[in-house]
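Shared between the two complexes below is chain A, which has chain B as its partner in the first and chain C in the second.
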Partner chain A sequence: MPNGYMKLLAEETARTFTVDGPLKSITFDFLGREWVISESVVVQWVVMVVLAIFFFVLGRNLKVKPTSRRQMIAEYIVGTFTGQVDDAMGPNYKAYRPYIGSLFCFIFLSCIMGIFGLRNPTSDVSVTGAWAIITFVLVFWTKLKTGGVKGFLKSYVEPAPFMLPFNIIGDFANPIAQALRLFGNNVSGMVIGGLVYFALGGIAGGLASIGIPAVLSLYFDLFSAFIQSYIFVTLTMAYVSMADAS
Partner chain B sequence: MCMKLLAEGNTLQLVNINFDTIIFTLINTLIIFLLYKFLLHNKVMAVLDERKEKVNSEMNAAEAAQAEAEAVKQEYAQRLEQSKEEASQIVAAAVKRAGEREAEIIAQANQEAAAIRIKAEESIELEKKKAINEIKDQIADIVIMASEKVCEKEISAKENEALINKFIAEVGNE
Partner chain C sequence: MEQAIVLAASAVGAGLAMIAGLGPGIGEGYCGGKAVEAVGRQPEASGAITKQMIIGDALAETTGLYSLIIALLLMYANPFIGQL
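== the complex of A and B ==
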């Protein structure tokens, strides 16, 4: 595989199916190098604007005596994330409540951007990788904070010294697997959706491509998106609480 | 059908690790985190905490009010019991006093009646004496009158006797 592009050729009809990487939307020079803002980042900005409006509208004008359905939704969302974090990590990790909530919202919306005809930012391994890097850093920081330097080093030779290489591999494998799981699920959904659309386009002069892809899109874009976002934040919580030495 | 991997100019590879995308994603994630935290999370948590506090304080106040009401109720019941007792005591005292007064009044009335009777008897006796004295006086007068008449007329002993008898009969008629 010299390049990551796939192109499916139907030679008889001369139609092609390609799955591209993200577009290089903007390039600019800064700090003596050329920076590339890819399509994934641009779509993230769209997600950010949507989320900013969503958070602002939900969080506005809350009352102790709730009078609006809007406030009930806001309390439900925040309460669900808070409950999840408290259940998975215990009461010492209250600081993770907003991180897990915001990460779930970010990932979920990034996964369903395909519905609006945009390329999912989660179909880019650099994006999911960035989130996995955060998890990686949080795990290391938690290990150091709860165990100290001694406990941190000791955690690599437990339960037995010969486990040292496996423990080191495990620390890196977990976030890599986390990143690739989200990326793989999204990109496979995108490829399958594209393939089905492409294949149906050849049937009945393209009429078959109305309706059936919508059902698939419902699964890959909504159901799978929800599951994958949930798994990602759950794994983040699990890795961090497992790193807790106390 | 065959599958080929092609490269195009203006796109990144499907599977590639792009340093810039990672940096921008980290920045974007931080921004989303801050937006979520300050626009939604903290506000909702503040409201929830405030509500929790309010519910707690209201429940405490309600409990205190209930306890107070219970105490007041008990006090009132006690007072009611007390006042009932007092009332019955008052009634009993009043009845007793009324009985005493009744006896007193009756005794007084008896006394007075006795006094009146004694007085009446006394005055009757007095009147009687007075009447007897008057009669005696009159008899004396009449005797004198009769004696005068006897003296005036020459009358026999027989006549005298008849005269005296007549006189006595006159006196008895008077």
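== the complex of A and C ==
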């Protein structure tokens, strides 16, 4: 019985509320074993296609003096991310502007996919974990690049040698906390939204579930998604610029 | 019977785990209050202060989310039921 006591409860009311993991959208055999592509990945493909088309359309026919509204929007978006990255990381990290910008758009659109009836990819801990691992790799790479191998090893015994275990734990705790923060926020929104739909569905034959959950959706899907994706990219920038030894 | 005990204990455990929500609540409130004080003292720096406050809030929130994940595990992916 995998679903715990929620199912017990349901035996009395004849209605069930369960939270399912992502579906197995595509399965295929390759190299003698079965490979599964989950719903989270498929929804991320949708997000990628939407973003690619959106920014391709925005970036066409650019002129030195902007004449179209389309180009004004594009310049506003690029200018915002440029300003954010320069504020947080300084002028030495120009290469991070496109990464931070696309990461923010990608996370934000992934978080609000629930509005369009798809499952949020961010409600899957392996998706947020992958993004956190990218940050982790960037932090290590920055440490090695700016400090060299000597500076990299030395950063673990600062300020005092007995801090070595704490520094190592701290390095590995950051990506875990980052992944779980995004995952926890989104999955809690999903569960609370689902519970409210479930509870209101029993009132007036389901009519009560029209409209009222939209308020919750506004908070959990839009506001929380924006704040959480902002925090994710801000923390990425903060960790990377803190790893700079120079 | 055994199953009922495990389920009840899991439900109580999930509720107890969420008591950890106290900590982040106090921490974030403190963070927000200090940010308001800082903006009152230096209104021109409100952009930078807001950014720092959000980072601080996010870090304070982490422990609360850990407890939330424990609670969700107990409710939807209970590891103890399978051991009966």
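The criterion applied here is as follows: the second predicted complex is superposed on the first by the 231 of 246 C-alpha atoms of A that agree within 3 Å, B and C clash if a C-alpha of one lies under 4 Å from a C-alpha of the other, contacts with A are read in each partner's own complex, and residues count from 1 in each chain.
We adopt the following convention: contacts are C-beta pairs under 8 Å (C-beta built on N, C-alpha and C of every residue); 3 or more make two chains touch, one makes a residue touch a chain.
Please read all numbers here as calculations on a predicted model, not as lab measurements.
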(message) Once the two complexes are aligned on chain A, which partner has more residues of chain A within touching range, chain B or chain C?
(response) B
(request) Pick one for A:102: touches chain B only (first), chain C only (second), both, or neither. (result) first
(request) Kindly classify A:150 by the partners it touches after superposition: chain B alone (first), chain C alone (second), both, or neither? (result) neither
(request) Check the residue A:234 against both partner chains and state whether it touches chain B (first), chain C (second), both, or neither. (result) second
(message) Tell me the contact category for A:69 with respect to chain B and chain C: first, second, both or neither.
(response) neither
(request) Considering only the touch criterion stated at the top, classify A:181 as touching first (chain B), second (chain C), both, or neither. (result) second
(message) One more residue to check, A:126. First (chain B), second (chain C), both or neither?
(response) first
(message) Per the definitions at the top, what is the overlap between the chain A residues touching chain B and those touching chain C?
(response) 1-6, 8, 18-19, 187
(request) Could you pull out which chain C residues touch chain A in their complex? (result) 3, 7-8, 10-11, 51, 54-55, 58-59, 61-62, 65-66, 68-69, 72, 74-78, 81
(request) Over in the complex, which chain B residues touch chain A? Could you list them? (result) 1-8, 10-26, 28-29, 31-33, 35-37, 39-48, 50-51, 54
(message) So in the complex, the part of chain A that touches chain C is made up of which residues?
(response) 1-6, 8, 18-19, 88, 177, 180-181, 183-185, 187-188, 191, 227, 230-231, 234-235, 238
(request) Under the touch definition given earlier, write down the residues of chain A that touch chain B in their complex. (result) 1-11, 18-24, 35-38, 40-41, 44-45, 48, 51-52, 55-56, 58-59, 62-64, 71, 74-75, 77-79, 81-82, 97-99, 101-103, 105-106, 121, 124-127, 129-131, 133-134, 187
